[in-house]
Structures are given as C-alpha cells and as structure tokens.
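Take a look at the structures below.
In the two assemblies presented below, subunit A is common to both, partnered first by subunit B and then by subunit C.
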Partner chain A sequence: MIAAHDQPLLDQDQLDLLRAALDPGALRAMLAQLPAAAADALAAITAALAAGDLDGARKAAHVLKGSCSSLGAARLAEIARDIELDRATTAEMAACLPLLSETIEATADALSRVVERA
Partner chain B sequence: MTPPMPNPTGASSEALLEAMQAPPPAAGALSFRMFLASVLAAAATVVAVELLTDLQKDRIVSLLMLAFGAVVVMIVLTSMLIRKSRHAIALANALARQNDQLAQTTRLLGDAQRIGRLGHWVTDPSGEFAVWSDELFEIAGLEPVDQVAFAKMLDIIHPEDVGAYVRARDRSRATGCAFIQELRFVTPNGQVRWVRIEANASDEADGVFRERFGIVQDITERKLAEINADQARLLLMDAIESLTNGFVLFDKDDRFVMSNTMFREMFPAWTVLMKPGISFTELMRRAYEHGLIRSKGDRFEEWLARKTAWHLGGSRMIEHRELNGRWIQSVDHRISDGGTVCLVTDITAFKTVQAELEQKLAYVEAIRSDLEQQTQELEARGAELRAARDAAEAANRAKSDFLAIMSHEIRTPLSGMVGMVDLLRGTSLSEEQKRYTALAKESADLLLEVINDILDFSKLEAGRLQSECIDFDVPNLVESAVSFMGEKARRRGLDLKVSLAPGLPQYLEGDPTRIRQVMLNLVGNAIKFTEQGSIEVRASHRQLDGGVVDLRIEVIDTGIGMSPEILAQIFDPFVQADTSISRKYGGSGLGLAICRQLCTIMGGSIGVDSELGRGSRFWFETKCRCGEALALPAETVVASVDRPLDILVAEDSPIIATLIQSLLVKQGFRPTMVVNGAEAIAAISDKVYDLVLMDVQMPEMDGISATKAIRQLPGPERCVPIIALTANALVGQRETYLAAGMNDYVTKPIQPPLLFAAIRRWALPQYADAPPLQAGGNGQLEMFVS
Partner chain C sequence: MPLSAQGGEVTSEDRILSDDITGAKILIADDDPLCRQLVAGVLRQQKFTRLEFADGGRSALEQVRSFRPDLILLDMQMPDLNGLDVCGQLRADPDFADVPILLQTATVDRKKMGELFCGGASDFLSKPVNPSELIARVVAHIERWNSLRELRFYRERISRELEAARRMQFELLPEPAALQEAAHALGLRIASYNRPSSELGGDLWGVLPIDDGSFGIFLADFTGHGVNAALNTFRLHALIHEYKELHGDPGALVSMLNERLVRLLRIGQFATFLYVVVDHQKGEIRFASAGAPPAILVQGTAARARLCDTSSLPLGIERGVQYLTSKRRFPAGSLLLLFSDGLPEFPNAKGRRIGDKGLVTALNACPAGLTPKEVIDQLCAAAGITATSPLPDDTTIVCLDRRIAPRATPCDDGRAVRTPAAKQVPTNLSNGAQ
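On to the complex of A and B.
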C-alpha cells in the first residue's frame, strides 16, 4: 500500500494538538482504547466481507478512519480510508486486511510509548 | 722836520700795507704782527704830527695829538680784527662741508662693501700687518681690530688652501704681479666661506714689492652653485655612462659632442672618426670612406641627404643589421636645445630569442590546431554519448514506468490472495490446512514486501517523488521512528536505544516523512542483521551557512558487519551481501537503494562504515533549514468562554465520542452525548442547546437526515446551529451537508482548535463573522459557501 507506506504511523502534529487540548490522563485513556477499537473495526470489516456486505465493510472502515485520524494514528487511518474509498470489491478489501492487522499491532506498539511518555 | 717824514711815514705805511696784505697762514702770528705794525704806525703818526705842528712845547696840544693817534690806532686795529674773524668763519664752514662729504663717501663705501660682500685691506710697510675694512672682518667672522697680523690671516684660511695662498703671495711679492686667488675661510664658528682675494701689484722699493692693497670678496654662493653644477654634470655623465644603450650627442649645429663608453665599445671603428666638433654629415662621409656604412644601392649623396633628414627628424626607431651581422636598434631624439641624442642598442641576443620564440609559437599553434581538431572530435563524440545517454535514460524511465504499472498489476491481485488466505485461516481448518495456509501467508507477505519495495524504487527512479519542506520536531521524529521498531527489536532480544547529541535543534524544516522512512529502513536492517547486542540510533547536526542545518542520523549495530567488497555496492539496487544472506534474511535488496534515492532527493547523502563480524554504522545526512515551533493554536483557543455552552453531540463511534466529550469538558462546555440522529432529534426537542455537533455517518439515522428533520421542527429549537462532523471533506459532499441545513462542518481528524473555532463562530455571536443566525437553510448556505 503505497499511500499507507507514505504515511507515518503516528501523526505527531495531531497528537500535539490533543496534548494541548486535553488532560494527560484523558488522552492516555483514549489512546489506550484505540487498539481495541481498531481491532473491533477489523473484526467488523472481516465479518462484513465474510458476509459479502461491501457497504457494511465500508462503514466499519469509515468509523475506523475517523477515530484513528482523530487520535493521530495516521497510517491506520490511511488504510481505513483506502478500504472505504479505493477498494471496489470484497477481494480488494480483503487484500488490505493483513496490512491493517499488522498496522494495528504497530500502532498499538507506538501508542503504548506515547502513552508512557504522555 | 720834513726830510725824515716820508721815511717813517713811508716805512710805516709799507709795513701797514704789508700787514694788511699779508696772507693769513697762522692766525696768532698774523694778529701779533698787525698789532705791532699798528702801534708803530700810531707812534710814527704822533712823531710826525709833533714835527709838523711844532707844538712840542705845548704839552696839552701834545697830549691831544697823542690821544688822537691812539684813537686812530684803535680804529685801525678794530677794523682789522673784524675782517680777520670773518675770514676764519668762512674757513671753518668750508672745512665742515668737506668733513661731511668725506663721512658720506666713507659710509657709501662701507655700504657698497657690505652689499657686495667685499672687504679690503692695506698692508703696512713691513708686510707683516694689515689694516682691514669692516666688511672684511664680517666676511672672516672676526671682531674688528686695528691691525691684523699676517699669521692671523693664515689661521683663518682653510688648512687645505693655506699652502697655495702662501705660495701665491710669495710669488706676487717676488714678481710684483697681481695676486688673484679663490680659497676658503673658516670662521671661528666653523663655517666655511669661499672668498676671492685680489691684490694690485705695488711699487718696488729696495728690490721688494710693498704697500700692497687688496680686496676680499665672499663668493660662497657662487662657488656652491658651481660645485652643485659640477656634481649635477658628473651625475649626468654617470647616468649616461651607465646606460645599457650606446649614447651619442650632437649639438644644435649637428656637431658631435660626446658618446658614452657603451657606444665606443660597440663601435670602436666609428669612435676613431668621432672627434668632438665633427658634423654628422662629415662623420657619415668619413664612415662611408672607411667602409663602415653602405649606401644601399643609391648614390651616396642621395642616401646621405635622406639619412641626415631622418636623423634630424628624430624619434623614430629603426632596426638594422650591421655589416658584421649584429642587429642594432637605434633611435634619434631631438632635445630642447636643438641638439640630437642617438640611442643605440645591440638587440642581437633579443633577436635570437625572438626567432626561437617565433619558432616555439609556430609549434604551439600547430599543437593548438591539433587540439582544436581533437576537441571537435570529442564534441562530436560527446554529442553521440549524450544522445546515447538520453536514449538510455528514456529507456530507464520506460522501464520504471513499466515496473510501476506492473507492480500495481501484480500487487492488487496478490493483495487479494493474501486477504483471502487470511479469511481462509479464520475458518475452521484441519492442522494440515492450517500449516499450508500459514506457509502461504508467509510467502505472500514476503512477496508483497518485495513488490512494495520495487514499486517504491521505480517511483523514485522515475523521479515521481519530490521532497517536501515542513517544520518538524526533531527529537520526536527520531524517538517515534525508533519506538516503532522497538517491539521488533525486543522480540529479537536486542537493546534499541536513542541518543540525541547535545544542542540538537528542537525544530527543523525538512521532509520528516522521508527521514522517518530512511531511519525505519536502516533500523529494520540493523535488527535483521544483528543476532545479539544492541542498536543505537544517534542524531546530531551541523550548522552550515545561510541557516542550513545538516541533520545526521547514525544507526550503529553490533551485527554481522560487511566486507569491503560488499560495502562498495551495498547501496546499488538489487544487491544483498550475498545470496545466502538473501535466502536467510529475505528482502528485496532494494531497501538501501531506496534510502539512497530518498537522501538524494532531500539534498543529502548516505553511507556506511563496517567491518566483517564487528557490526556496521550506517549514517545519512539531510539538508534542513532552521525550523519553527509547530503551530499549536490550541493555546489561544483554550481561552476562557463567556458561559458554559450546552452542546449536543451525536456521534456513534465511542472513541470519537469520548474524545469530543473530553475536549468540550476541558473547554468548559457542557456536552450531551447521543449515538445517532434519532436520539439527537429527541434530545433537541427536550432541551435547549446552544449548538449541535452532528456526525454525518451514523447507524439508524445519519446526520443529514437528522438535520433535515430538526430544521422541520415547529419550535425555535429548529434554529439551533448544527456543525457537521465528517471524515469526508470533498467539495461535493460539503455542499450536501449545507444543503441539508447544517451551518458548518469540521473534518476528521478532529483538530481541537478548528473544532473550538467552529463552535465559537456559531454559538457565540461575538465570534461570528456573519450576522446572527437566521431560521431557514438557504440563507445560511449562501453565507457559508461565500
């Protein structure tokens, strides 16, 4: 995924904005929730694809995109955007899932550090 | 009585007459004689009267006669005295006049001597002393005295001149001829004065000439001028002699005056002919007769006329070859007094060198034309090469384009395969099937990675990636990149650490995305090739001119290292240490080539130091500029609000809902959370809200439908400002929201400052750029769109 590769894992600017606008505890709590929420979204997309529900998969990806981008998980958001907007078939969407899964893992890893630092 | 009468009378008359007529040589003697003569005359008169009158007996008469005589004598004496004193006064006046004239003459003489710096002396008869004039003392610098001894004269004459002086003086005395000499005086204060002494010959007495009179004139100024002129002449002669040219001078009548030694050495045969006074034409004739010149074909006289005209014309340089083969350069200059100076130079050596140089020049010229020919050939060759290069580049671009396209064509179906394998793995499989699918997944992942690298690389090769230039937080960038790889390192049991050099700038302007990509690649490699030990990422910088900063990142591992042969080509595409490594560690072999390309587009460089078995140190440098702190407008937005706004938030994603709630609470707002459009409509009918934040895409009832419904409500609540929250910021979609009756929209990712600004814009009139909110959608739409 070229677009995803071009995106940093975390959007530091967005994280800085959040840091400035939120209490550290609140931010930490939200960031800690993100991997689980992303995993839920992945499960939802996988389930929708398994059911052949293209629209359902798109909606799940859309929600994932919104929450990931808002919480600074830039690459995850980009992958979600890719699934929502650029993939026309279930096969194409399914092709994104391994990367999505991998990226969730990487993002969780990176976020855990941010949370530690925050 | 009568006979004696005339005698005394005659005698006394004569005496008187004589007395009267006597010249007055001396006043005293004269008066006495006159007085005696008067008394005698008076006595004779008395006697004569007595004799004539015969009144001897008459005493009274006698007495009277005597008295009369006395009176006569007195009268005579008185008149004589008067005449004498008049004469004396006249004499005294004449004498005074003469004295005045003499004094004036003396004074004029003194002035003349002083002005002319000229003194005189007169020698006494012995010849050993002299009387000097005042000016002579002045010239000699002595105090005036009555007499000056000859020895004193010898004292004041300069020691070098004394001998000559004495000899000249003796000769003059011996022969009586005039004495003229110029010599020096030394005054008592040490000053040297040149004087000219001149003495007339004097009369001879007893075979010796004496009574000498002479003058001494101070000629110091003239003498010094003469000496200077002599020195100047000598200097000029020295200069002429030291010329490296031959020098010949003719006077205004074109007669030879002089030549210098250089000329005489150059032309000894001519020197014999060049007698001072010989004219130029005569000299030429003599030289012709002696065979020193040839008339070059013409008749000699015609040639000579031309030559003379040329010589007198002056100031033209000619070069000619003498009969003896020497090259001579000569030039004639007219000088101010009408004469001519000829300068003659022997340029034989110069001519020889010139000939050599001309030969060399011809040689160089030949080489140059050879080179020009070669250059032309090279240019032609260069053009061919350029054409070949252009063709090669075009081919390379075509290849890159092809690769890019092909990669897409390969990757898309491959991605599908991977996805399907994943789905397959999620179904219930037998152990054997699980093993197969795991292997299929692993292989597909590897293949995907390789294809991704190829695609990246071909994009770089095709020049499709350009560097961006934005502010970034340096420590943050480095730390986040490293932390991204942290898990991978931990899994391999490696220690991964970051060290930031002291003074590293917090913010730089550059391409953080590419820097991160290179860093991740290098760290990934380090992890891949390090079995145990540690990996260190170091960041440092170097300040360059003009605000440019070189950011340097090093990745140091304790891995397997590389041999020099491998090092030489490690950044070339499709190269790995060796095929066994490729098999063992996998990868496309493109990672470092990509890194090098990325560094190049960032105006930087990349390199590695490594030793087999001792680990590697990869580094890269990128050109950045001094950056600024990232804009964090949240600070200003967090400014206090006038009152706690009641805000309804319709958002289905729990995590976004939490985020928005936290942001609003932190701002001092009072949020009410709902999860879909229907709930939002219910909430708005229930309570008055200052503003609604409406997610566009929600289950059950989306934001657009909900907004439309709210705008249809009967009460004033329908006018509540509604701000869309959307992840889709495309222009067409935005218009859809506004057409539905939304007032504004905020895109995801939700950036707190933008969100707060939108809230203030619509809920707090003092922040609004627009007029207070009116009911109805269309007006607001126009207002917003404009």
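On to the complex of A and C.
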C-alpha cells in the first residue's frame, strides 16, 4: 500500500492529454462517471472476495485499473493494480479494500473540482 | 485545446483528416464502458462518426461479422475471450485476414508484446490511453487499409477487364472442333496451339474461306505482347476481313495490309505476317510473308520437311513494299506447319532454343502417321515447352495435313464424307474469324 500512497491522487499529465483531445462536455461526463464506476468495482471485488472468487476479484480490479489510469485517477489505478497483480489471497486483497474505499471518496472529491474547472 | 500549447507536443488535431479516413468504420471492443466511452470520445473529436461497440470478445466477433469494420480496437483482457484470441479467430477468417486490428494493452513486457504481434495484431495501443498515440495509429492503419483496398479493387477490375478482352481475343480464333470437322470434310486435318505469354497476346491466326477449291490461312505476330499487341490483333483482324476480294491473292493482300498498318501503327510497332492459300483442288499452296518465321512444308508422305523461304519486311514498317506470292506443290500426303517465333525461340531448361532448323529436324524425326495435334505435341516437346511452362513470348502453331484419304473417309458418325472438290468450304471453317 505504500506504493499507492506514493502516487498522486490525480495524474495531471494524463488529464491534460485528455483535455487536449476530448470535447470538454464529454470529458466532464466521463470524469463524473468515474467515482460511481469505481464504487461498482469495489462492490464487485467485495462480493467476489466474499464468495472466495479470487479470479473474479482480479478481473474487477483489472477493469478498475484500466478506466482509472486512462482517466487520470492515478492512485486508484495503483490500488487496483496492486489488488489485481500483487495480492495472492482473499485476506490480502480484502486488506486493500478500506484504502480503496477511502481513495474512491478522495478521488471523487478531487475530480469534482476538475469537472467544475473544465 | 491542442497539445502543442502544452509542452510543445504535436497533436493529431494539427492535421485535418480527410473523409476517407474519418468515414472508416471502427469497432471498439472493451468490457469497460468508461474505456469504450473514452476511446470513442477521442475518435469523435477527430470527426470519426462510424463507431460501433462490443463489450466482450464474443460480442466483438459477432459485431465484426455484421458491422464489417475497417479497423478494430480490441482490449487485450476481456473476461469471456481475450483480445489475442479474438484476433486469432479473425485472422483465420479470409474475410478479416488483413483488416487492421489494434490491441490495447497495459503491458510493457517485451515477450508479451512479441506474442501480440505473432498473434496477428497489426499494432498495439498502450494503456492508459494516450489520445495522440490512439489517433496516430488509427489514422496510419486506416490509410494503409484504404490503400490496400483501393489497390485490390483496381487489380480486380483490371483482371476482369483483361479476362473479358482475353475471351474476346480468343473468340477471334477458329473454333477447334468446328474447324476440325470442316477440314476433315475437305480431306484435311488441322490442329492449332495458341498460348499468350500473359493475359493478352499479340499473336493471331485464322482461316478465310475463298471458294470451293481453296481457303486461306494466316498467322500474325505483333511486336511485344500484352494490351498494345492484343489491340493491334483486333485492328488486323478487321483489316483482313475488309479486303475479302484479295483473299485469293497472298501478295496483294499482304501488300495492302502493310499499306494500312504503316499508317495505323506507332513507330516501333509492327507485325510479322504469313498468309497461305491452300488450294486443295490444284494441290498447291500460294503464300506471301511479311518477315514471318518460315513455314515448314512436307510435300507428300515420303518427303522430308523443308523451310519455305519467307524473308521480307514485317508489316507496318515501310510504305510501298510489294510482297510477292510464292507457290509450292501441296499434293496428297503433304503437311504444312505455321508458327510464331515463340516456338523456335523458346528457351528450354538449359536456355537453348530449338530454332527453325531444329524444328525441321524434329519434324523429320516424327513417326509417320501422326495427327497434326500429335505433330504439334512432338514439336513442343522438342522445343522444351510443357503445359505449365511459362512462355516468354506468345506462341502459336498451326499444323495442317492432307494425309487422310478424301474419299470414303468415315466421319464420326460412320458416314462417308463427300469429295472435297464437290463440297463448299463450310463457313464454319473460319468460325470466329469472319
């Protein structure tokens, strides 16, 4: 988890690339959807772990990693990557979930400011 | 806001994309709706409008078959079927063997990248999505795809047109079965061999009915081969039939054809031409040549083959040339062989050419009693030409003989044919050449 903390909450370079390439309205809509999509992924990982489905949890983490990294949510992407690739057991994965939940909230907050500015 | 305003990077926004590019159909396959939305947003901003989506590998396969995209963006990891598997299945289908497939992957592992290309991907897209990279790769692959498709359409159209032209040219030649039958009725046997070196050739031969006792046979060979030479064969065919009154006079016909072709042909284009009147009633042949390879004549069953001297200028080179008619006996049992230079000049496996004299030797070595077709087969074999040999030049061979008894020769149905002298030269003797 130390690696995740090292990541900035948002990847400003990636957000700049997106601003340059996307219609502002489309970008705002996508950024606004990200927290809900992340919350869905958290729910999916939680459910998979409850069912002992490690593979299902990894897949949900993989999807979360993809959208978060592409939309500039760097820390969320790193936590998702950690769950997908570095955690071997249900317990290890489950241990990541509080931080994941907390980071979703912080990211949502940061993104709402980005969306307001956009 | 262009990227160039932020750190000097060049963005694809700097370039206006043509409708040929932005009109391309693109399938975006990703199980993450936000990633699909992001890629689509970047493409739409560049005016790409024909986008379709698949939320997994299997639906991607279905969509490809119904949507028939010009480019496919596949996420590497999808839950039901991964991008590489989808790519493999599409490459196995001839319809999609060439379509650009871009695999999106977060990997930087060199071995995995190698597998991606080995699996049939045209290119990769890195994750997280870099909009400039996405546009640059999509545009490059659509441009390549469009060029490939245009080239393919062009080649298919040209092939179709060449095939139509080849059929039309083939129709200028006498129809073998009808010719055989008509010749048989005159106490003659005839066979021919005609193969262009490419789709279209510059050789042409044909038969011209003259009167009850005679008919004409010609063989032309235009310089070069291909479309130019083939078009000239159509011109010559029309000219030959324009001068019907000269068909009985080889020298006059060849002289007239020369006058016309000198005016029609461009510098550097010319034709060798041999015209023979076979007078089976008188038992003679009359011929005139314009630079054609010499005919080979065997005067009777016991005679040796010899070349008929035919040195003269080809058609279309010089105005006012008077071509002379030569005469030879053509008694029962005789054989006449006409050929274009593709036969004597064919390089065999050792690069050797049989030449005119070699053909005479080969003809003399033929066992007695061969049919004209068998003679042609023997000569081709002697020259080294097989059914599959690529020919460097158009090759035509016509062999005619009087080695069947004209009377009481059974036809295919068992009936005896009439005396040739009493029978009109059937119009189908020149079937296709009228």
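Going forward, the second predicted complex is superposed on the first by the 118 of 118 C-alpha atoms of A that agree within 3 Å, B and C clash if a C-alpha of one lies under 4 Å from a C-alpha of the other, contacts with A are read in each partner's own complex, and residues count from 1 in each chain.
Here, a residue touches a chain if its C-beta (ideal position, glycine included) is under 8 Å from a C-beta of that chain, and two chains touch if they have at least 3 such contacts.
Quantities reported herein were computed from a predicted structural model and do not represent experimental measurements.
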After lining both complexes up on subunit A, report clash or fit for subunit B versus subunit C. clash
Using the superposition on chain A described above, determine whether A:A94 touches subunit B (first), subunit C (second), both, or neither. first
Can A:L10 be said to touch subunit B (first), subunit C (second), both, or neither? first
Which chain, subunit B or subunit C, is in touch with more residues of subunit A? B
Should A:L71 be classified as contacting the first partner (subunit B), the second (subunit C), both, or neither? both
Clash with subunit C: which of subunit B's stretches 39-47, 363-371 or 633-641? 633-641
Residue overlap on subunit A between the subunit B contact set and the subunit C contact set? 11, 14, 16-18, 20-23, 26-27, 29-30, 33-34, 37, 59, 62-63, 65-67, 69-72, 77
Show which residues of subunit C lie in contact with subunit A when the two form their complex. 1-3, 5-6, 11, 13, 30-35, 37-38, 41-42, 44-45, 75, 77, 79, 106, 127-132, 135
Of subunit A, residues touching subunit B in the complex: 1-2, 5-14, 16-18, 20-23, 26-27, 29-30, 33-34, 37, 46, 49-50, 59, 62-63, 65-67, 69-72, 77, 81, 91-98, 101, 105-106, 109-110, 113-114
What residues of subunit B sit close enough to touch subunit A in their complex? 412, 414-420, 422-423, 426, 441, 445, 448, 452, 455-456, 459, 472-473, 476-477, 479-480, 483-484, 486-487, 512-513, 516-517, 630, 632, 634-635, 637-638, 652-656, 658-659, 662-663, 666-667, 695, 697, 699, 727, 748-753, 756
Quick check: in the complex, which residue numbers of subunit A touch subunit C? 11, 14, 16-23, 26-27, 29-30, 33-34, 37, 59, 62-63, 65-67, 69-72, 77
